[in-house]
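In what follows, chain A forms one complex with chain B and a second complex with chain C.
== the complex of A and B ==
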């Protein structure tokens, strides 16, 4: 691959600040490796979306048939615009796919997205009115921005499986929901050298429902950073966010979860939970639940916990004859299974289903 | 045959001596009740025997048959045949009752050189036990004690007792917080466990449970010592007079 000619790096993007380490939202994850990846060029090995469902159309970005969709949506799904890394992705993306789930198919459409290697890429996913799409996304490395639009009554089931990796991985996912639509995310993550998942959800229609759940088990020096924002722009909608994680060895997990409820978004029902367990004194957990509320007739709860296994629970199991290590395994497995039931997700996490 | 043999046991918690020299011998087939006011050391005794952390054994010995309990890890004590019914059984969210009990039964069987129990036989027995203890069979699928009422937790302890079939059961206030129906159900379970091969130590505040499960011996614990022992009539005397008359 020909090295990219860079006059100035990192490039200046008007109106967007270059992120700095030790400053929110990059307090515990240094952004430089993600930025620098662009300077020495990402690979040319993209992920590949595959579908055999009748109601799914997949285009490459350069296909003139989807020019209108790209013009309308790409870079615009998030009302607040881009952050620096997603803007870089826009500048450098070599691969892009548009996936459309058509209203014409009443059943569930399936798309399988399989990770490439260290590529900068982009997805635009449109789910038409009342259409249903199930995505199984396997991720390993690279810089990937996914924008999803759920039209009225649409449904998206999103299973994200994040394999163990020695590479950097940056995922930015934006999901916008219109009336009566429904988004479900199940994210299972193994360790990575440096992995960051930014998930932004915008609820722009009433009677919508969002369920975000996830679990991780990190080993050795893995680093996982989850940045999640659920924005209730209008009222009468529900969101539930629940993530459980285990850090072993010297691994590090960061979870920043925020619920934003806009002025006038009354009758919103939102909750956000993050629970963490450490099995080693050298492991690190940084968790921060945040609320930003501008409406008063709402139900909203949030919470975060971090700690070691409960000695009382361990004693209870051992007092029934169960070996210490087996008792620990039972408790750790059940902690992750509380939030993730999907068989593939459990398998990825190394849990018996 | 002596199943549980405790000799001059002294136990401290955080440098403070709670159990100040206890002798107790439980023969096969016997039921012993230990009664006493709050803070007399009853739970300290049972928890320390089961091997809970935080208890310092200063002096004395405790054997289950020929095994020195104090030398064994928590799980080894269970495998030696000791069972503690907890006063406050903890919740294990997401660990199903079936999975938990099957793992426990298999752990005990393996320790005795036996193969794992067949799932069919295990489930059959477990369903019968749950029914006997007036619990909804649905609890088997639920997490251990997860969302259980106080009474359900206590009855679940007795399900575990009957399922794991230990030699010696220490029942720590299994009767507290039970209504009269649940108390009779629990008493039925304890009587079912009673056999010429097993020994039972009932720790209780009240005489109530003893109306349904007749003990062979009643011991009164005050300030870390067994200050008086007698037959079942001692419990009635305590009920009538309280503990104060024994304090001198």
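== the complex of A and C ==
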């Protein structure tokens, strides 16, 4: 993809406002560093997708073979949003990959995406009818937009591992599901100087299932912002979102989860949960589980908590001869393990599996 | 025998608004428009002291610089603030006692079921077995009468109209006015500070438990006017007061603005219980007319172990924008918010609360029940903030939505901000509908659909109604029945 010529920065993008701090959806994270301190003009090392599976095809964006797919899908998976950082990505992305999981392979296809540095890049992932894909994504920094389309009966298992970083990272993942498809996300995050994950799921077919789960353990002055929206555009679908997080030291965790149920999307079953633990006086937790419902025949619930380790549980362990620090570790670990079971994810979070 | 087809909840809800009549009395009002002169004129009409006039003018200038809030989940055409008349009162000399009040007005309150005759009530003419309630009746921009003033005075309780308080208790007013809701707090509080007309003032002295319920009844009557009242309640150390607020307005095709400010201050060990049954005209089934209810209510638990509790039943208004909040500053102070908000037809509500925990061991509870029917939209918006100093602070929030009909909408926007390690915040919410199974079960037992829905809805709201004073709870549950009429199936 050819970068367009840069005339002014930050550029004026018609119809999209430059985000401002302290206003939703940037209430608790300052957007400026993502715009001003991020080197959009420079080309840094991109991440690289690798696959040995038979049913996977990987193209670079400039490959003429995938021109048709790019034309059809890029920037169109989500209804045109007003996300300024995503728009910036569109203007400045230097690298782009198209990953297609073919229905020809009946087994599970695997793709490994290893992290790049400070790169502005884009992915388009298409999972054909009844195909299965498992992605292991390692992220470190940069501005990355991933668009996924799950055709009928497709399945996507998405493991996202976010390493500790001193850089800025902005991830925007948009997933669109057609009938009978299934999306599963497991996200394990360590802190970043400023890390923001925006995950948007659009359920456009019946009998679909979405499971989003994640855990984080933040240390020192790291900052993690998760913005998750599950849009039930049609009925008869199920979504479950569950995120647990621990904030240590002076770290800051932001979680904004939203369930949207469109008019007429009856028989939807949706739940959203976010639990937080703080272990230090200076840690901060901001959570907002939202519901926006326009249909009545639904089962919808959400919950959020913020608190500290239960002294009773600690006492129980201490009374059995377990030392204070160890007892704390046991409880903190089990808190994260409630949502994340994947071994690699546990390893990243520093938990014994 | 032919079996009756089970009906859907939405078929049973067609709104009948019983308080929608107009009282035909001559009104004198200021011409529509807002400027510094108008603000000064209002102050002059009410013969206010200079400090208050200047306070208003200052507020007006601050208001000019402010922008209308747009973040609420509400849709309504822009309000032309120059088309509203900011002051209206019944013509003639202000009445000095209840006997001088225009009989038409008295009749109005009678029709609304608000007893203004102390003697009658005491003599048992008005059928009531419960303790009497002292009422301050506010009609358009002025307070018409305040009952039981003498009885209350014996206990040292001050309960009077705001205008009277300006004359007789200026020191208290100057000490507390605008301290909980500062002028600049928001667009509507600034507007209210500039043009507020009347309202109630309550002061409960140290250690006094107010002998009866205090109540203010707000009535908008004149057309093209807005109502901008201000209520200030101060509960001194160790005192206790329960305060009720009711409101209605005639049915009109145009929208009318109601922008009130309520400030509560609880000192050490004091308790204030503030209950509202809001039944402003909600507009007709096509969404024409109705009141825009943009209200700022906030309580300050200033003293240790103080307690403020808000209970609201919101059934009226075309648009509700209201967030009764508590600032928990005193150690061990408690804030509570219980709310039932019902929207039907084209009504829109964006309501909730803010609990700001500053002191140690502060506790807050939020129970919010939203019911949406017809084509209405009902949003809960709440903020729970644990400040770094709030050791052992605790919050529990539950907000449930009940949807009746497939065209209505329910939203929840709870903000949780925790900056304190040993604080606990819990939030839970569910959304369901009146299910066919529940309706079937009731109808199968011979309960007609209307009753069944109101039973289910009442059950849904039980936790909130339990916190209302008795008479109010009955009124509220009756009000829900009326508002839900025609929505069921």
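Here, the second predicted complex is superposed on the first by the 337 of 353 C-alpha atoms of A that agree within 3 Å, B and C clash if a C-alpha of one lies under 4 Å from a C-alpha of the other, contacts with A are read in each partner's own complex, and residues count from 1 in each chain.
Criterion: a contact is a pair of C-beta atoms (placed from the backbone, for glycine too) under 8 Å apart; a residue touches a chain by one contact, two chains touch by 3 or more.
For clarity, every value in this text was computed on a predicted model and none was experimentally measured.
*Asks:* Have a look at chain B and chain C on chain A after the superposition and call it: clash or fit.
*Replies:* Aligned on chain A, chain C fits beside chain B.
*Asks:* Put down the vertex angle at chain A formed with chain B and chain C, C-alpha centres only, nearest 10°.
*Replies:* 70
*Asks:* Is A:334 in contact with chain B, with chain C, with both, or with neither (first, second, both, neither)?
*Replies:* First partner only, chain B.
*Asks:* Comparing chain B against chain C, which has contacts with more of the residues in chain A?
*Replies:* Higher number of touched chain A residues: C.
*Asks:* Is A:9 touching anything from chain B or chain C once the two structures are fitted on A? First, second, both or neither.
*Replies:* In the superposed model, A:9 contacts neither chain B nor chain C.
*Asks:* Taking the superposition on A as described, I'd like to know which of chain B and chain C A:319 touches: first, second, both or neither.
*Replies:* first
*Asks:* So, A:287: does it touch chain B (first), chain C (second), both, or neither?
*Replies:* Only chain C; A:287 stays clear of chain B.
*Asks:* In whole Å, what is the nearest CA distance you get between chain B and chain C after the fit?
*Replies:* 14
*Asks:* Going by the contact rule set out above, which residues of chain A touch chain C in the complex?
*Replies:* Those residues of chain A that touch chain C are 24, 263-264, 266, 276, 278-281, 283-308.
*Asks:* Taking the complex as given, what residues does chain A use to touch chain B?
*Replies:* Its residues touching chain B are 310-313, 315-324, 326-327, 330-331, 334-335, 337-338.
*Asks:* Help me check something: in the complex, which residues belonging to chain C touch chain A?
*Replies:* Per the touch definition, chain C meets chain A at residues 71, 386, 388, 401, 403-433.
*Asks:* Touching residues of chain B toward chain A in the complex: what are they?
*Replies:* 50-53, 73-75, 77-79, 83-84, 86, 89-90, 92-95, 99-101, 103-104, 107-108, 111, 143-144, 160, 164
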